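Both complexes shown next keep chain A, but they swap its partner, so chain B is in the first and chain C is in the second.
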Partner chain A sequence: MEQPLLEIKDLRVTFHTDDGTVHAVNGVSYKLEKGEVLGIVGESGCGKSVHALSIMRLISIPPGRIDSGEVLFYGKDLLKLEFEELRQVRGGQIAMVFQDPMTSLNPAYTVGFQIMEALTVHKKLDQNQARDRSAELLSLVGIPDARRRLDDYPHQFSGGMRQRAMIAMALSCEPSLLIADEPTTALDVTIQAQIVDLVKRLQRDYGMAVMWITHDLGVVAELAHKINVMYAGYIIERGHVKDIFKRTRHPYTLGLLGSLPRLDEAPGTKLVSIPGLPPDLVALPKGCPFVARCTYVTDSCLESMPPLENVGDRDHLVACWNWAAIAEGAA
Partner chain B sequence: MARYVIRRLIATIPTILGVTIVVFMFLRLIPGDPAIAMLGEHATEENVSRVREQFGLNRPTFLDREALKQGDFKGFINTQYFIYLGRLLRGDLGDSIHRRIPVAATLMQRFPATMELAFFSMFVAIIIGVPVGIISAARRNSILDSTTMVGSLIGVSMPIFWLGVMLIMLFAVILQWLPAGGRLSSSVEFTPTTNFYLIDSLLTFNIPAFVDSFQHIILPAIALATIPMAVTARMTRSSMLDVMQEDYVRTARAKGVTERLVLYRHALKNAFLPIITIIGLQFGLLLAGAVLTETIFSWPGIGKWVYDSILARDYPIVQGGTLLIALIFVLINLLVDVSYAYLDPRIHYD
Partner chain C sequence: MPTLTPASIMIERKMTKTTQSDIATIDYAVREHRSLWVDAWRRLVSSRTAQAGLFIVSFLILTTVLAHFFWEYNPKTDLDYTLKLKPPTLIPNEEVPSVHIFGTDKLGRDIFRRVVHGGWNTLMVGIIAVTISLVIGGLLGLLAGFFESIEMTRLEKILLLVFLGGLMGFLPAWIAEQPVQIVLFALLGGAAAMFENFLAGRSARVVLFAAVGLLIGGGLALFVSPYTAIVTGLLGGLIGAALSLQLGGSLFSNITMRAMDIVLAFPSYLLAIAIVAFLGTGLEKGMVAIGIVSIPVFARLVRSSVLSVVQKEYILAAQSVGEGHGRIIFRHIFPNVLSPITVQTTLGIGSAILAAAALGFLGLGAVPPEPEWGAMLGDSYKYLSSGAWWAVVFPGVAIMLIVLGFNLLGDGLRDALDPKMKV
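== the complex of A and B ==
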């Protein structure tokens, strides 16, 4: 079998705070193939962003700490790389787009300068070449009059334009993996759709792999090949988009899907919400972390965390003791 | 920008006017009389009143109510303050009561000495304080960080006069490495043109004079720079730590920018606004500190001169000196405000 682009093995990340040790990521393992689009879904604080930042060692250490695990990118463990080598990967082979375009660009430098900087860090381009390429990139992401706008500062751009500029910056070195950490959360709905379309188009044109982190299942349904559903620092369900939506096997995923608003519902129908709150990551329960909010609880759920097991014929993994019961109920 | 600067310069007029009033008032609230200070305690009443009259000290300070009662409006404002103000508007700072020479001339001669010391000290404070703050922030909670922060705490708490005396004791008396005071050794041949000794000597290639005046400025500059240096270092550290948490710093790292450039390019420029603000304010304290430092190191600037004049109740000198210091302070802070626009493109002055 061909080497995957990215393979994460048993990644564990903690944050050491005054209130205790926060277990943000608790043994996450999965593979990401070249050109694949992976959606990572979960609510706030489920560890989806932290795990993504840990891939390029971008979490602040301290208070954060990557306790164990491997992040194999083209077979090389990024967690053990010398800093200089890691720096070549950052922005060069793996690029990242962040949640809040308002704060992710440096207010003190022009947009053009910031894109050119990404180019000159990794490619031996002179100023003129870098400038030409930056203008090209800006128009590629749909910013009109790109060459002139290079000299604008971020505050002269709208939110959607800033996110486009961030994407242009991320694409500048033609990375083989783009990590998009909730890139549309801070934008309004029409702009969200434009950004999703843009990334979709660019993903196809460049053939790069994309990791799209979001709490919005609607977006990943449109974009992703596979989905990882995360809860309390664990992957609790993983599979192809169709399997996740049609053959859901984890009660949490069921809850997430149930809380999506639907157009075919009668007006006035209340949105379903999952009762309760996610567990305190400082003091995780012994068993399954979802136990307090789950309607399928059995004794084994209180005893130990269920392992991720394959429940279908094509890489559909679920961490639930009662997945079979859920499957029966669904059938 | 030009319009903003002009507007701000016009706005300094009421500030300066306020300074003249406050200084004028407080000087006359201090017990003591210039005439007695000049003639000595055993002077005859007659002599004292003659001197008082000569310098207009027998007039009311601000307003003459008696004259107003008699309907004499011209007499109403024919007072010490308004006579002073009238002269000031014509560029005349008055004459020294003791030495009977124009204040302006002496001020111009002594002012460069103070400015040289102040700018040199500020320069030292910035080139040491800012990098120390940056390094402390970059290596937060390391031994280096704790050491420099404890050091800076000691620095801000140090009384200048005590530090000055200790420096003289150690480097001038015990080790004899550096001169204890003054600006230039008498053995050095040097005729300054602008009275900025370091610059004059350098421009005329008078190397011995440059070395000698440099040696003279070291100790007073250390004494004067210690507090602003410590404050600058602490401010730089905390401002850098704030900025290092920003999303755009993470973006820069994610791009693969070297840690050096993350620090000096992406973080520092954004961290500089509060730093430069505190530097501007420190400059005011530094000018005040110059009075003490100049006295301890016999530095012939306006600080020492104003200090001596306060003791002698030589009002025109104190008024002239403080006015000039206030003016410098206002201008430095205008410069700080203008530099904001350069550091942060979101700030516009129109």
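== the complex of A and C ==
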């Protein structure tokens, strides 16, 4: 079998704070193939961003710590690389786009300078080449009059344009994996759709893999091939988009889908919300972290965390003791 | 294209925002890069207090610099007992045959001349002392703040431990008068960082490094005397044990900041006097003393500003495109902490001048015939009771004016650079 682009094995990340140890990521394992689009969904604080940042060792250490696990990128463990080698991967092969376009560009430099910076770090281009390439990239992400806008400062760009500039920066070295950490959360809906379309198009053209982190199930449904659903630092369900949406097997995913408003529902139907709050990551319960909010609780749920089990014929994994019962209920 | 004032361009730009047609030309006019600094400068010169500060400071600097280069003065030969303590004289008369607009002092020297020339020394103290504290304190603050939340690379760890080893090794080296110990302890620090995984987290590691430290400190000092060997051996053991710990960025920051707290715990003038007493009197030593005393102010200010900038996503973004730490610190963080530094530097020059004057007043600053405002005060206050007010008032007013000028300018800068004030 061909080597996957990225394989994460049993990744565990903790933060050591004054209030105790926060278990942010608790043994995450999965594979990402070349050219695949993976959606990662979950509530705030479920470890989706932290696990993505840990891939390139970008979490702040201290207080953070990567306790165990491997992140194999083309078979190389990124967690064990020397810093200089890691720098080649950062931006060169894996690029990242962040949530808040308002603060992800340095206000002290022009947009062009910042795009050119990535190019000079990795491609060793000279000033003029880097400038040409930057202008090309800016127009590629749909900024009109790109060559002139290179000399603008970030405050002269709107939010959507800044996010486009960020994407241009991320794409500058033609990475094989783009990690997008809630890139559309801070934008309004029309801009959101444009950014999603842009990434979709670029993904197709460049054949790069994309990891799209969001809490918006609608966006991933449109974009992703596979979805990881995360809860309290665990992957609790993973599978192809259709499986996740049509053959949902985890009560948390059911809850997430239920809390989406739908147009095709009869008017007056109440939205289902998941009761309660996510568990405190400092003191995780012994069993499944979802017990306090779940409607299917049995004794085994209180006893131990269920392992990820394959429940379908094509890589549909669920971590729930009662998935069979849920499957019957759905059928 | 018609000439437009910036304000009218801004208005026009807003109105045409939706039409797109004229925007290119107007945009072009606006794009006279109004950077943060240009904006800040405009705000600065439009504020009354800043104008006053700017005026006072540039006036005093100008007169001082002109006097220093174009008006010769030799303090060693300036002496005339016949003119002892004469009041300000504008028209020469029999008793006072020359003009002394500020009067003369106890040695018959012209006070105006000495005030004007004394400004050079005073300003030098202010600028050099602040430069010392700015460079050292600023660097410490930058590094402490940065590595508090960003993992150190192996090379940075090695450099840090070599530095710390050498720094701590200074003490036994000084006691035993063997400078080579500094080098050896620095090497021990480097070894601790290079073999950071060797016996990591075990007590055997501490014992091993303590033993090596003891050997370096004690063994070498045996050539001096057995008693010295005991003292330096013990010190060396402690240093070895300290170096064996896994020193990371947060520990570095903690150590630096606690050291700053210790310096701040002393009343600053008292500490400056103690340093001068240790180094010996003289203008240069006064500068160093005042510089050292105000290092913590800069270190803490810069660290706290860095801590807030490091959290910004553009730092994460810079890391994620693979930029190195040096580039991130100096290219991305430094420009964004520049405004508090600028303000503090300006205010710092004022207080350094004041401190220098205090040292001079106590006779710990400039060596006597050299003119310096504080020293002039100290020389003359005894004659105040006999009515010679001019010998005290003029240097005093000069000190007050320059400090006032720098404080007004600093306040103006703070308002001009504060992003919250932006319109």
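Following the convention adopted for this analysis, the second predicted complex is superposed on the first by the 327 of 331 C-alpha atoms of A that agree within 3 Å, B and C clash if a C-alpha of one lies under 4 Å from a C-alpha of the other, contacts with A are read in each partner's own complex, and residues count from 1 in each chain.
Criterion: a contact is a pair of C-beta atoms (placed from the backbone, for glycine too) under 8 Å apart; a residue touches a chain by one contact, two chains touch by 3 or more.
Because the structure is predicted, anything quoted here is derived from the model rather than measured.
In this superposed model built on chain A, chain B and chain C take up the same space, so to speak, and clash. Contacts of A:Q3 after superposition: neither chain B nor chain C is touched.
Of the two partner chains placed by the overlay, neither chain B nor chain C lies in contact with A:T17. Using the contact criterion defined above for the overlaid structures, shared-chain residue A:S259 touches neither chain B nor chain C, since it reaches no partner. Using the contact criterion defined above for the overlaid structures, shared-chain residue A:N106 touches chain B and also reaches chain C. Legend: residue contacts after superposition of the two complexes on their common chain; A:D145 is shown touching chain C, with no touch to chain B. Of the two partner chains placed around the shared chain by superposition, neither chain B nor chain C is touched by A:S304.
Contacts of A:E82 after superposition: chain C is touched, whereas chain B is not reached. In the superposition on chain A, A:I61 makes contact with chain C only, while chain B stays out of contact range. Comparing chain B with chain C, more residues of chain A are touched by C. Using the contact criterion defined above for the overlaid structures, shared-chain residue A:S158 touches neither chain B nor chain C, since it reaches no partner. In the overlay built on chain A, none of the stretches 3-11, 57-65 or 75-83 of chain B clash with chain C except 3-11.
Across the two superposed structures, the residue set of chain A contacted by chain B and also by chain C is 53, 56, 58, 60, 83, 87-92, 95-96, 98, 100, 103-109, 117-118, 121-122, 153, 166, 169. Only residues 53, 56-58, 60-63, 82-84, 86-92, 95-96, 98-100, 103-109, 117-118, 121-122, 145, 151-153, 166, 169-170, 172-173 of chain A touch chain C when the two sit together in their complex.
On chain C, the positions that touch chain A within their shared complex are 24, 31, 33, 35-36, 148-151, 153-155, 248-250, 312-314, 316-324, 332, 335-336. Taken together, the chain B residues at the contact with chain A in this complex read 245-248, 250-259, 266, 269-270, 343-346.
On the side of chain A, the complex with chain B involves touching residues 53, 56, 58, 60, 83, 87-92, 95-96, 98, 100, 103-110, 117-118, 121-122, 153, 155, 166, 169.
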